[in-house]
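Before anything else, here's the structure in question.
Letters A, B, C and D name the chains as they come in the text, with residue numbers starting at 1 for each one.
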C-alpha cells in the first residue's frame, strides 16, 4: 500500500532527523543524553510561538528552530554537559533525566500542559494523487526536506575537513587527540548541530503529533530504539533503522492494529539480543 | 592516615573481628527502625502515606541490590513491580474468600515467584553488552510488559485498572482497615524481613563477590568468580523483591492500575536510590522517606511544578553530592572522627 | 615430565595482523620460565590467550592435560591458573584483607555463601592475614586499596594471584613502574614463591629475568624465535640480532647482565 | 555526637512534614474533598472543573442550611493509586462529607471502595464510563456517560442517509463504551459498521488508523478521543481529506472540546457531534454562565467538563438544603436521588435508580459564529438515560 509506505517513510525520516544528533554524540563521547528529546520539544514550541503568537510564516520558523536550539545546545554543552563526560553512565542517565523533568515542568509553567497545535500554511495542506496513492503535501515536504538534510549531513561528514576529523574522533579518540584534533571542540560543534537538528525535527514534527510538555519522555524511547537498532558508529545505521522503524510502526498499526504497539519494542529487543552493537553498527574494539 | 594506624592496631589484634565489625548493627540503624515503628503512634492519620513509603522503599531496595551491588543500570524495575502487583491482585480477586489463593502472604509468594522468574529470563538479555544496551533492554522489557498489561485487558482490566482486589484478612486475623493501620504494619514488617535478608546477603562472601564484580570485572574473572552467573542470581533476586513490593501495593490499596508499569515508577525508584545513596541499602529507605517528604512539601505547594524541583535536585546531586544522603551523613561522620582523633 | 600448561599451534589474529603466530609451548610443574621479546612481540596477547581473557583464532591450550581452549577465564582460574596484570587490576574500594579473603573464599568454593558475614570463617581469615604478612602488607590490611602507594598495590596484585595457591602463575611485568626503592621487595617476594608452583615471568627487565629464570622463551612478531637456558639465549646470535636495537634502548645496563652477555 | 542530633533532627523534620493534619473541625463547616488532575495531560479537566466550582460558590455564597462549605482540592496527578490514597485521607483525616471530581474512569473506580466503606457520597464530575456508578451505591454522576452521548449520534446518522460507518476510538474504557454504544444503535437502525478501530491512548500517530478508515470508503467516520487529544486527531483527519473524499466526519463532543475548538482552526468546520453541553447552548442560564465564567477566567471557555463540576457542586448544595445540613452519607445520597433542576446545559435530573444523570443530548455542527468557532446545536434528543445501565 503505497500511501502507507510514504507515511512510514515520512515518519521514519523525521525520527532520523530527531535522533541523529543523539547517535553521533553518543558514538563520539560515549555520552548517554536522554534529554535529547528536550531539544526537539524546544524546537516544536519555538514554531508554535512564532507561528501562533507572532504570526510568522511556518517556513521561517524552521531555520529559527534549528538555530535557536543549536545555540541552546552549545550553551548547555559548554556549561553543564562538559562536566559529565568523565562521569559514569549512571550519572549521565540521572543527570539527563533531571534535565528532562526540569524542561517538562518549565514548559508546563510557561506554555501550559495541553497540546499545542501548529496549523500548516495553506500551501502545505491538501494531497497529491499518483499511482492510486495519495500523499499529503506536508508529508511530501517532510520527506524531501529530510532527505536533503540527510544528504547534506552525509556530505559534511565525508567531504569536509570537519567531517573527517569528526569521524576520526568517533573511531578512536586517543588517536584523534594524538593527531592534534581538538576533540572537545569537535564535540561542542557536533552537540550543537545535533541539538539543532533535533529542534528542527521537533518543529517539523509539531504538525503531526501536536507537542505537549511530556514530549521528551514520550519520544525518549523512540530515539533510543533508533540508536539501539542503528548503532552509533555511523549515521547510515541510524538512518536505515529510523526508516525501518517508521515503516514498521505505521504499517504495523495499519495492518495489525491489535499488536501495532509491540512491533517497535520487539524489534529493539530482538536486535539487542542478536546484535548488541546494533543492526547496522559495526563491531568496534571498544 | 589515622585510619591506617587504627587499622594496623586492630589488625594485630584480630583481623576477623575487624571484618565482622563491618556487619555489626550501628545505632542509627536501630534509630531508623524504631522511628518507623514509632510512627504508628506518632502520626496515626498518615498510615496510608507511610504504607506507600514502605512499599516504595522495598522497590528502591530491589534496585539498590541490582544497581548498587552489581552495577547494572536498570530503568525497567517497574516491570517486575507491576508483574507482582497484577499477580497478587489477580490471586486476591479470583480467590475471594477461598483461603489459600486470596491469602496475602501466599500472594506475596506468588508475586515474588512470577516476577523472579521473568527477571531470571530477562537477566540473560541484561548480561549482554554495555550500560546503554542494559538501559535499553531493561526499558524495552518494561515497555513490552506495560503494553501487554494494556492489551490483555480481559485479564488486567486494561486502562481501567484491576477492580475488586479483596485479599483475605492477614493471617486470617487482621482485616485491611480503611485507616491503613494493618496495611502499614504489614508492609513495614515485610520490608523489615526482606531488608534483613538483603543486609545479610551483601555482608556475606557472596555479597563481597558481587561488589568485586562491580569493582573490577577483569580481576573478578581472574580470581575465578563466574561473573555472569552471579549477575543472573542478583538480578533475579532484585526482580523478586520488586515483585513483592508490587504485591504489597496491590493488597494494601486493593486495586491495580497500569501506572504500576509506567516508566515514571521505574524512574522514581531509581532516583530514590540515588537520593538515598547507591550501594548502601539504607539509601533506599532514607531516600524514599526523603522523596515522599519532599513531595509532600513541594507538591502541596505547587503540584504542577513538582517535577521541576525533582529534576533540579537530581542535577545538583549528580554534580555535587554523588553519595546521596547516606554519603553526606557518612562524610560528616568521618570528618567528626578525624577531628576527634586529631584532638586525641 | 608432564607439563602443567601447554599450547599447540596457538594462533590469534586481530583483523589483518597476527598477534600470536603458531606458538607451541610447554611448561613443566615447578618451572621458573621467562617470556621475553621486544615491544609488540605479542607477549601480553599470549598471556591473555593462556589465561582466557582472549580466545585463540586456532590452536589449543592444555591445563594439566585437559583442553581448556574454550574455557572462560574464571573456569581456568578455578582450575589453578592464576595471573597478575601488567596494569594493576584491583578492587579499589576493598581493603587488602577483604580482597584476599574473597580470593581465598572463591578458591575454596565458599564465595557463594550468604547470610553469615564475611570474616566469620576463621580459617579463611587467618590464611589471608598470613599471606598479607608474608607480602609485608599486614600493616595496611585495613586501608582502602585505592589509597595504597603503588608499590604496595603491586604486591597486592601478586598476593591476589597466589591466594588461590595456583599450579601455574603468570606474572606480567610484576616490577613494572615500581620505584627503585620498593623494587627489591617485589623481587624477593617472587623469589620466595613456593617451588612447586610453575611460574611464567613476562619481563622487559633483563636483570630480573636472568636473576630468576631457569629457562626462557623469546617471542618475536608473535612467534617463538628460540627457547633455552639463559646461557644459550644470551649467546644466541639471532637473539642478539633481534635485541641489538633494543639493547641500547633498554640498555642492558645492569653490570652482571652485561657480563652475562659478554 | 553531632550525628545523633542531626539524625534526630531529620526524624523530627520528617514527622513534622508528614504532619498531623486534619485536626478538630468546627461543627458548622461542611468539607468537600475535590480530587482532580491538576497536572499531567488531563490537567485542563481539573482546571475547568475547579474554575466552575469557584464560580458557583461566588454566585451562591459559601453557606448552605447554616453550614459553611469548605472545598479542599487535591491533585491526583492522573494516577489511580494516588487518587485512592487522597480519597482515603480526605475521608479519614479531613472528615469530608462528600468526595468529588474524578477526571478519568480508573481514578473514579479506584475511589469507589472508599466511598462504599465510609458511606461517603462520591460525585463524579468528569469520568464517563457507563459502569462506574454501578461500582458503589454512593456514586452519583453529574457529567455524562459516553453511551448517553453516543447513541443519539448513531440515531441521527442512521436517519440522515449514512449507511456505512467506520469507528475510531481511544483504546480504553470510555472509548470502548462509545464504540459499543454506537455500533449497537447504528446497526439496530439498519446501518453497517465496516470496522471498529482502536488507537492506543498515548499515541502520537493517528495516520495509519485514519488511512485504514479512509480506504474502507465509509459514508461517515465516527470519532472518539478524550478531550485534549481532539486537536491532533482533527488535524490529521483534515490532512487525510475525508471531507474531499465525501466522508462525513461525526463523533462525540469530546473531540471538539470547547476549550480547544478555536485553536483547532477551520479544519473542524462542518463536523457533526453529539454532546450534552455546548458553550453555544441557547438559554439564559447558559448565557449568564458563559459570560461570568469567561469574566472570572480570561481566555478560558467553559467546556462540558466545567458544567460537570458546576452541576456537581450545585447537586451537593441542593442535597444539603434538602437534608437541612445533615451530612450523613446515606441521607445525602437519598436527597440527591431524583434531584432535578435547570443547568446551563438545559434541564437535568439524577436518575433515582442508577444515580446517573438524565439530560438532553444535542446534535451540533461546528460553525463560525462572529469569528469564533462554536458547536451550534441544531437538534435535541430530550431526557436521554444511559442506555447500557441494566444491561449485561
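Operating definition for what follows: a residue touches a chain if its C-beta (ideal position, glycine included) is under 8 Å from a C-beta of that chain, and two chains touch if they have at least 3 such contacts.
In this text, all values refer to a predicted model and were calculated from it rather than measured experimentally.
Peer 1: Which chain has its C-alpha centre closest to the mean of all protein C-alpha atoms shown?
Peer 2: Of all chains shown, the one whose C-alpha centroid lies nearest the global centroid is B.
Peer 1: Please tell me the distance, in whole Å, between the geometric centres of subunit A and subunit B computed from their C-alpha atoms.
Peer 2: A distance of 34 Å separates the two centres.
Peer 1: Per the centroid of Cα atoms for each chain, what is the distance between subunit A and subunit C, given in Å?
Peer 2: Computed from C-alpha means, the inter-chain centre distance equals 49 Å.
Peer 1: Nearest whole angstrom, what separates the Cα centre of subunit C from the Cα centre of subunit D?
Peer 2: Going by mean C-alpha positions, subunit C sits 75 Å from subunit D.
Peer 1: Please report how many Å separate the Cα centroid of subunit B from that of subunit D, as a whole number.
Peer 2: 37
Peer 1: Hey, what residues on subunit D touch two or more of the other chains?
Peer 2: Those would be 39, 43, 200.
Peer 1: Which subunit A residues reach two or more other chains?
Peer 2: Residues 108, 113, 261 of subunit A touch two or more partner chains.
Peer 1: Identify all positions of subunit B at which a residue touches two or more other chains, and write them in rising order.
Peer 2: 150, 304, 306, in rising order.
Peer 1: Can you give me every chain pair that touches, using the contact definition above?
Peer 2: After working through each pair, the chains in contact turn out to be A-B, A-D, B-C, B-D.
Peer 1: Please give the residue numbers of subunit D that touch subunit B in the complex, ascending.
Peer 2: Residue positions touching the partner: 2-4, 6-8, 11, 13-15, 17-22, 38-39, 43, 75, 77, 79-81, 84-85, 88-89, 91-93, 105-106, 109-110, 112-114, 117-118, 129, 135, 171-173, 200-201.
Peer 1: Which residues of subunit B touch subunit D once you look at their complex with the stated criterion?
Peer 2: 27-28, 31, 35, 39, 42-43, 45-46, 48-50, 52, 150, 158-161, 163, 178-180, 249, 253-255, 257-260, 289, 293, 296-297, 299, 303-304, 306, 329, 332-333, 336
Peer 1: Which residues of subunit B touch subunit C once you look at their complex with the stated criterion?
Peer 2: 1, 3-4, 6-8, 10-12, 15-20, 22-23, 200-201, 203-209, 211-212, 215-216, 218-227
Peer 1: Quick check on the complex: what are the subunit D residues that touch subunit A?
Peer 2: The touching residues are 39-41, 43-44, 197-200, 202, 204-205, 207-209, 211-212, 215, 228-229, 231-232, 235-236, 238-241, 244, 259-260, 263-265.
Peer 1: Quick one: which bits of subunit C touch subunit B in the complex? Just the residue numbers, please.
Peer 2: Residues 51-53, 72-75, 77-78, 82-83, 85, 89-95, 97-98, 101-103, 105-107, 110-120, 122, 125-126, 128-129, 138-143, 160-161, 163-164 of subunit C touch subunit B in their complex.
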